[in-house]
């Protein structure tokens, strides 16, 4: 499949690309056009679509893959893509999954891994709350990213984040006596459940209005409150403790938790979440970096780069 | 009625007092006793009850008024009250309300004032959410303090805080065009609704376990979530906006709001809450302070004193 | 009158515009030219004046309205205005007030409103300090903005800010017993008096050198010190308290107050100033924003946008 | 002269002491008494004066030296001084200066040293402002401490602080070209002039009400404003720059400067003030500390101790 | 063995106790005595030794166990222990280990566990640096606490801290591809090596002077620098990276790391250290706390208590 | 010699310039080119070298001066230099020192000045540590800048910084009794010794990998540790105190010191370093600025400008 790096100034080309984002703009003389960022799965380009009807008569939207026809001009020393046509991709025409970044594990592997931990929960109240809540938003739970840009910002990212955290959690349970593993696993499984409504979709999402106004901690607490009321367990210690774990998982008020941890399992959840949200993007970047050099800037580290020592 | 300032070392006395707080302690040789702080409505003393059966056989608890018989020893240069007997107060025996600090307005005045604002809400969804939630916890709503120690920490304090805020809110509505008064009034009325479950009672309360783990913002959001589900309005803009007002009313993450204000009415609610939580205790203290002198330290100002200028 | 949105690339046009700011620059081969931002009252454009004599022989300065003749080139896909001629506007030629943003209330309305509060001050020392100081800088007081960019940054903005604050102050006086309304009103009236010397003019001002080095709090305190000395009241409680209100009105050291509030009226002044400095620009922006959408970024909120809920 | 360390429990003694501070208190049975801290110049004790007429009929006040007669009881394992009589000290009876800590240099030495720098100022405006302002408050300027407790908190402390700073300033002038030495010296000489009205006296002072409400930076700016007006130099660059140096000498907003330094001499003044306010109390404490051990806690270092290395 | 809770006021008793800390003090009449805190392994008391020769002629020092003879007075309502005699404990007289808190694992178990990880290091430079440095301070490494009071403040605490961290580290290595396990294990093994010189001993230690002036990060870096020079590896990537791990393990400048992590293994080390330093004391406290109640305050959490939910 | 300000669009020119920095980049069609910033000693321009062999076949590197042949195009209204040829400069062809900023004092003057202070150290341990360490890195010590961009970022900058600090230090020794001048001078001489390995060279340096991972404080401590071991003084008070001065010279943890000052000389070193790092760049900028105007932005002041008062 043709890649952007194969295309030269002056070419007339047809290629497949994902519309990462797109906005209508206006020239000084008030005629409209669309500016878009297109991705071929490896790299991105900016493009202009002067003929708005290409977008507006075909329901072309950001987050999907299309077939483009374009001419490549030179503008200010750089290539400028002028889109001539946009066409829908028919079923089976190409494998569109290659246009989206995804977790190292597949949706099925993550589903199986996460379910194996769910089954370890023997407390019936915690089990039923976790099972039912996940079931209600299963498609989003297993397909959404964990964030727009900071960490696990790719297809399946949320489930991959949760699964890695469950793995660390099992080691914490072994190492620190006194931990209630049911509560910790339920907390890991549900701590980011609100993200299924905070984000608009599994691929290149934005924040929903609900996400902007309430955030995933509050949305998750609301979902749990309604589930607990439906199951008649709103006066149980389990519901109160699980609510605390969700509320406190950012660890400090200034990171958006309305209460700081005061339960052992809430501390464990916070440390595991913190570690995974940093280690996962570092790991991904280190794997792409040559020993003895520095990585690309990493968003979740405030755009710091990581140095990979030249050690066997 | 006899006051502590009337009692001298060496006296045998009978007096009425409120038990502000009380704890069982043990001497080095392991015999138990109770230490208590007693208030006559104006000032407080520390007392020791060596005979635990006085407490334990009569269900004597902190937060209530009793009739005490005591002998006053001198100990380390100060008066020490040794309690000889504690008796329940019969109905009508005395007016116990004088033992509790209370808001400047009575419960009836506050009820009437608050209801007059409730009636101004014309949006049916906001009106029904506010009316029903207040009705469900009406006794607590109109009797609880607004806090243990920081501000409005007295009987009726919560309702008085809300009523003063409604008054300021009406001026904000006049001054700043674009405000939805229904949303602002509903937000003021419900922003602290979680305090009815965060605190243990109307008089000299402690935090409930739920209060410790979740705090009044989360509890209020849970109450609203369940009420909205019961009324089938959980997908309305009104519910989302009202949830945002409750979540954001502390104004900044570091003060415990999981989201900062992004709606005009949420900003107004925050500024009004901030101003009232400081101005009300300042006002109370200034009224007790002579012109040209400084007040007692004020808890909600980090124990700073206020100077009252000697100006007519 | 012709607006920038009516002008197309290729046009030769004559239009009226305000020079918002203007700077002399030099090309690589050292020939000078002027770059300027022009406003038609609704929107702004960038323009280049290659012929410096157009500026330098006619005393053309930023902050005033002129009649321009220009040709509109295309440059890098955008319209570029090349100014051919600049002419002074004769008296009565057009109504230049439309080129400047201004407060929702007129200068006369504000004058009347502010004077009505001034008359409520019965303490003769406070009254005379306020009356005389305002009289000395009356033109600036009733025409200057309250800031360059943060809030009330428009003609009459300072007076509008003060008038709105007086309105809120009257409600605070009603709600919180113990307040000396004379002191609070005098404090509101004079708290920003130093801005009349901190800024260079009523329209599109910069900071004066005095403003850069001292700021409006110190300048205001100096003005008050000299006025108090002239009136022989420099040893009165009124002068000391009023100086404190000016010094402390930013509320915290880190916001530039050399002392934090320790007088009831100083707290009230601070909360009212804080609330108005945020609510006024929010109100202005909300009025321009469609329900169910987010506003433009708001400078005084750190460029956060406000969401306007879609609620009747 | 008898010292507290010479006095034993059970003694009846007569001694001279400074009253460092004193407060009226009340016993539970409402009889008044005075609690006081007395200093013999080397160490301090707490004392109780049960007979209030000893204080009230003789105008006995904190900050002065008296002759005391006392009996020393044992109370809770410690010596308790019960004062029997307090008598005024006649002129020449003893040398009371030994009861007050003072600067290492005498008032005359400091006067001479400071005047020598004053004479170096050749700019007539700066010279006249400095000379006149110092002359107006000369007794306080040469006798007051520089602070209640943080640094230079002793007789002559303010003048000693200023003189040490002038010495450092002369080295800064040599080392950094571009400095206006007149402006820097005038700034050092006047930066703390407001302390002459912020504190109540030369010995064991408290804050004046003016000090509490305005602080020495604002008071100093007011003094300079009135002096500049009296000399008709209020529109000079010298007055503006000197005002900036006073306003900015704490270096950062959060330390109470309403403006941060933006003039070279203001930076120099800030660094010199910062260094001297820490180095002077460290020096005093190091001189009292044995090599290889740690000093007593130092107030101006947040009660940190200094280690004195055992190095020749 | 007799415990403090068995002893009553008025008793003459003989008991074994650890001197936790001890200081010489002086009465007002200048006679010396010793104040000491004694522990029976379960609880602590304060005692006074009026006869200084009991201490000074027998080389009695804090951190050791002695046999005490005492009389118990009542003083201010509490038991006061007056020590009559102190005698050295002969070898085998009692098992003194019960007087010291210790890690849940024994010294041998920890030695074996730690060595098993040391053997996994295959990089010869990292292996030899770790083996030699640990060998040089082996007694301290396996007996010292990890801190005076914050976490793992007991016999073997340092080794227990390191072993728990190695366990978590092995899970991090599995979960995050790209990690160099040799570097991470070497970093865990050596990150606190400086504590062997920062503290004075294995039991109830204080800070050494070196500890006060340099801290364990700098001391550890110095030890590693000298070891690397001795092995001629000071120019290797391994030495540089390992130095970075030690320098950066506190994670942020404000927690005392002179550099923040920029290597994947340094991030992992920091997160593991952070988690273990909090989870270990929480675990210990939770095991002592009844379900449905709150724990004692925990030093490493800023004296916050942990709530243990009443969940099966 | 030809300067950039003499060159016009359209010219074909030959000029000498320093390559300040240079990076290989790629066009959209993947052909490589170099972008570079060139300095003529007074001002800088951006240039493009399309023919990569000009760079790659001649070992052309940033930090050196070359002879360039270029054509100057106009691009987007600005001059664009297209480099046609780059040639090495032969010895003696020109004086390349004019292309590099340097300290106001020459290398010889600084060497002499610094050595004069070194000779004042009479303590033999401190003297030998300082002499030997400086000798080992003498070329770097007397030629390196003190930083990449913040202060003293020019040839000789490090030595000039140290010499100015020694001058201030001598005044601190005079002013504050109790100071050990040997320790303070040794501390000033060695505090930045690690910069000789943190930076890559004397002219337009970058950070070394060691610099990125460890920073100059840690590198300096390692150098001192190895020197002390070589001299067998690693257990002396002198070595411990000097290590403390290096470790603590940034004054606060958050500025990268792993320990804060607890020795008098460490406080002095910190204040002197702080003052010089700000005053030196301010002085340099003030000398270039006209009275009554503001300077260019100053990097070490967070890009604040300095105002130079118009005072004689």
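When the chains are written out, they are named A, B, C, D, E and F in that same order, and each has its own residue count from 1.
Just so we're on the same page, a residue touches a chain if its C-beta (ideal position, glycine included) is under 8 Å from a C-beta of that chain, and two chains touch if they have at least 3 such contacts.
Because the structure is predicted, anything quoted here is derived from the model rather than measured.
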Subunit F and subunit E - chains in contact with each: A, D
Count of contact steps on the shortest path from subunit A to subunit D: 2
From subunit C, the most remote chain by mean C-alpha position: E
Turn needed to bring subunit D onto subunit E - CA fit, degrees, nearest 5: 120
Same-site or different-site touching of subunit C by its copy subunit D, using the half cut: same
Subunit B and subunit C, separation of their C-alpha mean positions in angstrom: 42
Euclidean distance of C-alpha centroids - subunit C vs subunit E, Å: 61
Subunit F: positions in contact with at least two other chains: 76, 209, 212-213, 240-241, 262-263, 307
Touch relationships between chains, expressed as pairs: A-B, A-C, A-E, A-F, B-C, B-D, B-E, C-D, C-F, D-E, D-F, E-F
Contact set on subunit B toward subunit A in their complex: 209-210, 212-215, 217-218, 221-222, 225-226, 229, 234, 240-241, 243-244, 247, 253-259, 262-263
Residues of subunit C that touch subunit B when the two form their complex: 123, 126, 164, 167-168, 171-172, 174-180, 182-183, 237-238, 240-241, 262-264, 267-268, 271-272, 274-275, 278-280, 282-283, 286-287, 292, 304-312
Residues of subunit A touching subunit C in the complex: 27-30, 75-76, 209, 212-213
In the complex with subunit C, residue positions of subunit F that touch it: 5, 7-9, 72, 76-79, 307
